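Below, each structure is written out as structure tokens.
Both complexes shown next keep chain A, but they swap its partner, so chain B is in the first and chain C is in the second.
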Partner chain A sequence: MPARSLQSLGWALALPPVLFLLAFFVGPLLYLLYVSFHGASTSDLYNAELTLANYAAIAGDPFYLRVLLRTLETAAAIMGLCLAVGYPVAMLVAKLPRRRREIASILLLLPLMVSNVVRAYGWVAILGRRGLVNIALGKVGLIDAPLALLYTPAAVVLGLATILLPYMVISIANTLASLDRRYEEAAQALGAGPIRTFLHVTLPLSSPGVASGLLLVFLLTLSAYVTVTLLGGPPSKLLVSLVYDNVVSFQWPRAAALAFVLLAVALVVSALILAVLRPGRVRGRGR
Partner chain B sequence: MADAAEPPDVRLARVSKSYGTVAAVRELSLEIPRGVFFSLLGPSGCGKTTTLRLIAGFEHPDAGEVYIRRARVTGVPPYRRDFSMVFQSYALFPHLTVAENVAFGLRMRRRPKGERGRSISEALALVKLAGFEARYPRELSGGQQQRVALARAIVVRPAVLLLDEPLGALDKLLREEMQVELRHLQQELGITAVFVTHDQEEALTLSDQIAVMRNGVIEQLGPPRAVYERPETEFVASFLGASNLLAGRVTDGSRGSKVVVEVAGYRSSVSGTNGAGEAVRVAVRPERLRLGLAGEPGVAATVREIVYRGAATHVYLESAGGPLLAYLQNTGGAGQSVRPGDRVTCSWEDEAAVLLRA
Partner chain C sequence: MRGLAALRTLVVVLAALVIVAPIVIVVVTAFSPTDFFVFPPPSLSLRWFHEFFSLSEMRDAFSLSLELAVMASSAAVVLAIPAALFVARRSGPVVTAVQALFLAPLVFPTIILGLALLLFYRTIHMPILPGLLLAHSVVGAPYAFRTTLAGLQSFDPALEEAGHSLGAGPLQTFFLVVLPLIWPSVLSGWLFAFIVSFGELNTALFLTGPGHTTLPIEIFSYLQFQGSQLVVAAASAIQVAMILIMVAAIERAVGLRRLVRA
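So, the complex of A and B:
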């Protein structure tokens, strides 16, 4: 087949998904943006007048700022936990021979087949007032009254971190496994012991995996709802919870505005992660 | 070269290494004196790379000892051994600039900052890359990356420089240029180098000593001229350049260090101690083969094919004992006027013939 017609075939194949994306993602998103610049209406989705009131209200209300801050703190804690636990596991997985590495990846993904609702209730059974932890501590006599473990930000962090950990592990393990071993040997040949080889060579070279792991964990944290609601309860609401609350109270334009705040947060933090880790430099571009 | 009191920079003592049931290196011993350019030459799978990695400490021997200078380093991890290495893939750190790459070994050895800067400039000047400090490896050509790898290795002034087919990834012209530069650099710095290659020309060009390896053992060790001109085995004779391998018989074994060998009726006096009547193999380099008219003393042969190669003409011949190859120098003048189908005789001077070990 001549190159030209091959190229037009490529365009033809790409067209349906592009149209689908335009119709069901870009279009609604733009519409949502439009909605966010209107006031609420009791009879319609939004009223006719254009206004910045929604954004002004979000920016001016300390409650929203508190929730935004809590969202960022929670996400940071989850990312930190996933990175700290995930990196060593990823190093172990990456060292496995290819076949075993594939099996390990499947095992890591296995927990994702259990519904988040079920897993959240599992945590309730462990962390609740009459959950495993409190009963055990009570039996041993370490506590007189049950500890408030559930409905805390810590419970949300724990619950989400365990769900998101596989993304971090697999993303870092893939990068580590594809690293040329000669880099580490070159470092050793130049007198770097295992720790300095790790710090100066392996760690920076794994930055693409760390960056994509952090991005996945962060974005999935931002959009997590079930786990946040079931384990965090009303005191630990995150941005997503507020979007939902506004939707169910028919404050559609406010919900739309919050959704765009969420999107902005996602974009800014993603850009920050990329700017700090500079995964591009591993390809030698130095950025 | 080393004086008698000085230990060799590298010494392997009966070193063996197997992978599973495959023996990569078998009871290999060698000594490399200070300042020598030492090549490990052989086909893939001969154990040359394993030998290099045993010196580096990336592999540990199943038996035997490894020494670098006065230190016994068997079992010592690579980062505590006094060597540096240039890899075939260069293995430049992609996230570091040229200067940072070269600085790496100095930083790991905790050299003070000021000294580091001077050493880096010196090393980059040596490989003709001054001014490239701030570039990243990806922004350099293959040859330039090769030079950075070399600068990174020599800047730490190691006891021994290990080179794992460092020129293998370069194209022919650049490779020949780098050969000359590498040799020049090694001699200027007086650094001991161990060079792994499967390219016999490269080994001949660069080395003070060549160890021809096969199946995990050294078949022959010596300076390039000795290894090329006096190959001891059929393998060495045919791996290092081309050779005519001829079957002969000793007719007179009673002449001290010389014996008379008869090949297809042609007699020559050759170094050896074999007894009369013994069947032997003789190697003669194609450039040492002389062609004469039919009837002159020599091995009778028929010209099959003539290939003009610029500096020389390659003449392929067929004799009763098998095919023969002769290189005739194109020195101008009347030139060689053999044509395919011509009946000729092949002869050689006595010292051109080498008796091979069985």
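So, the complex of A and C:
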């Protein structure tokens, strides 16, 4: 009997795109992992000998540990800022009637479509030596010499937090909008004030949105080489900068090992976020 | 409670400001006639846009980004449709795995993917242009997959069965029944993949080479090495303008709201 629909072709249908992703996504990652267990070579990408030297060097060097710590601190500050600003905004968006909520989501989506290099450049224009803030403060006569606002960890935190903020707002707003209002009404009928209702009912029920917002912000922070470089400069290098630096100096196996350290950090922190917020425990997300 | 409400309004206004202001400042600066950054510009001029189009490396970067985005988003759609057809009406571990594989590039740290592809390409001697195209296709595939899958899951399977019972073969049913029904989803997936490819940084960072640079990477290297040149602002404004054109295209063709509902 001939296939009645393209869908009944089954595996034959999915095979070409799956093979494509295995060849250009999964395969190269496994190759990268393989390279990370080799030493550097002057003529090839790596030498033939298997070794743990790259990982040992990273673990044993206080410089790498300092950068790792700085990466975690920066990411924590960015996530905290996004959550603190994003949550109240999301609450407002979630309360809008459906049509206006969709318009608000579109407005939040638009800046995410602009390339991050352009959005980082905007912050360079604001914070730079001859930037907007220094021009304004100079005109008012508050400062004699320009302030060094750019190339600081604070500039990286501010820049990335504002670039990633829409992700947090959209994630939380989607969850809040789909919450069953009756839970909050029940809490209030049982005598809980607005603050207690928020802390014991709304906040725990919104944990899936908070978790996905935090995950997105964290994972995108880890990869944000261009933003980190433009706003942080040499003194605020993060893990991702070290990966890049090793590539530029042709230290392929070291770069590969650092990439997997980055990936390990991504996995561990993601698992932590999920373990603390337990988004899976929220059920009954009816309308 | 009034104080709390006022505080929240303040937070919302502040959030809108810090999200939008950097983009607006760059776009306005692009029209400045001055040599260096002055804000607000004393008058408006197209000086830096002339400069942009007279610099061959800027022009080339712009056209390469455009060509890449068109080809990569088309490739993403071609990859996404069969995968979405496979996933749409099935369940089980294999289906979950295929779905996870297709959505993975969405959350995977793309800088690692860029490095992995760089080493892989060096080993197999892949030329720059096809290498970039393949990378942008991988990055765009999840967007095309997600919208196409949403489109497939929202139409009535009975329509497809009607096609079969009227004697249409599988390919005929797909092109005459399924595709016309899901094309708005496919199109919005294509446009979304285009936008993502046009702004892509993390994989392109490693995969562009001399003579073959994309617009975002060209902007980045200008900012690093000759940052005071306002031609970067013009390049950025052109990046934003292209995104606005694509967004207008989505709105006209399928309606923007499809993007936030999916």
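A few remarks follow.
Everything that follows uses one rule, which is that the second predicted complex is superposed on the first by the 266 of 287 C-alpha atoms of A that agree within 3 Å, B and C clash if a C-alpha of one lies under 4 Å from a C-alpha of the other, contacts with A are read in each partner's own complex, and residues count from 1 in each chain.
In this section, a residue touches a chain if its C-beta (ideal position, glycine included) is under 8 Å from a C-beta of that chain, and two chains touch if they have at least 3 such contacts.
Being a predicted model, the structure only gives us computed values, none of them experimental.
Once chain A of one complex is fitted onto chain A of the other, the partner contacts of A:238 are absent, as it touches neither chain B nor chain C. Touch criterion met: A:188 reaches chain B, while chain C stays clear of it. Using the contact criterion defined above for the overlaid structures, shared-chain residue A:282 touches chain B, although it does not reach chain C. In the superposition on chain A, A:172 makes contact with neither chain B nor chain C.
When the two complexes are overlaid on their common chain A, residue A:126 makes contact with chain C while staying clear of chain B. Ranking chain B and chain C by residues of chain A touched puts C first. Touch criterion met: A:201 reaches chain B, while chain C stays clear of it. Of the two partner chains, neither chain B nor chain C is touched by A:79. For the contact definition in use here, the chain B contact set and the chain C contact set of chain A share no residue.
The residues of chain B lying in touch with chain A in their complex are 56, 58, 77-79, 83-85, 87, 89, 91-95, 97, 104-105, 108-109, 136-139, 152-153, 156, 162. In the complex of the two chains, the chain A residues touching chain C come out as 2-11, 13-14, 16-18, 20-21, 24-29, 31-32, 35, 45, 85-86, 88-89, 91-92, 102, 105-106, 109-111, 113-126, 128, 130-132, 135, 158, 162, 165-166, 169, 194, 215-216, 219, 222-223, 225-226, 229-230, 240, 243-244, 247, 252, 255-256, 259-260, 262-263, 266. Within the complex, the chain A residues that touch chain B are 180, 182-183, 185-193, 196-197, 200-201, 204-205, 207, 281-286. Within the complex formed with chain A, the chain C residues making contact are 1, 8, 11-12, 14-15, 18-26, 29, 36-39, 79-80, 82-83, 85-89, 98, 101-102, 104-105, 107-113, 115-120, 122-123, 134-135, 137-138, 141, 160, 164, 169-171, 173-174, 178, 195, 198-202, 205-206, 215-217, 219-220, 223-224, 227-228, 232-233, 236, 239-240, 243, 246-247, 256-257, 259-261.
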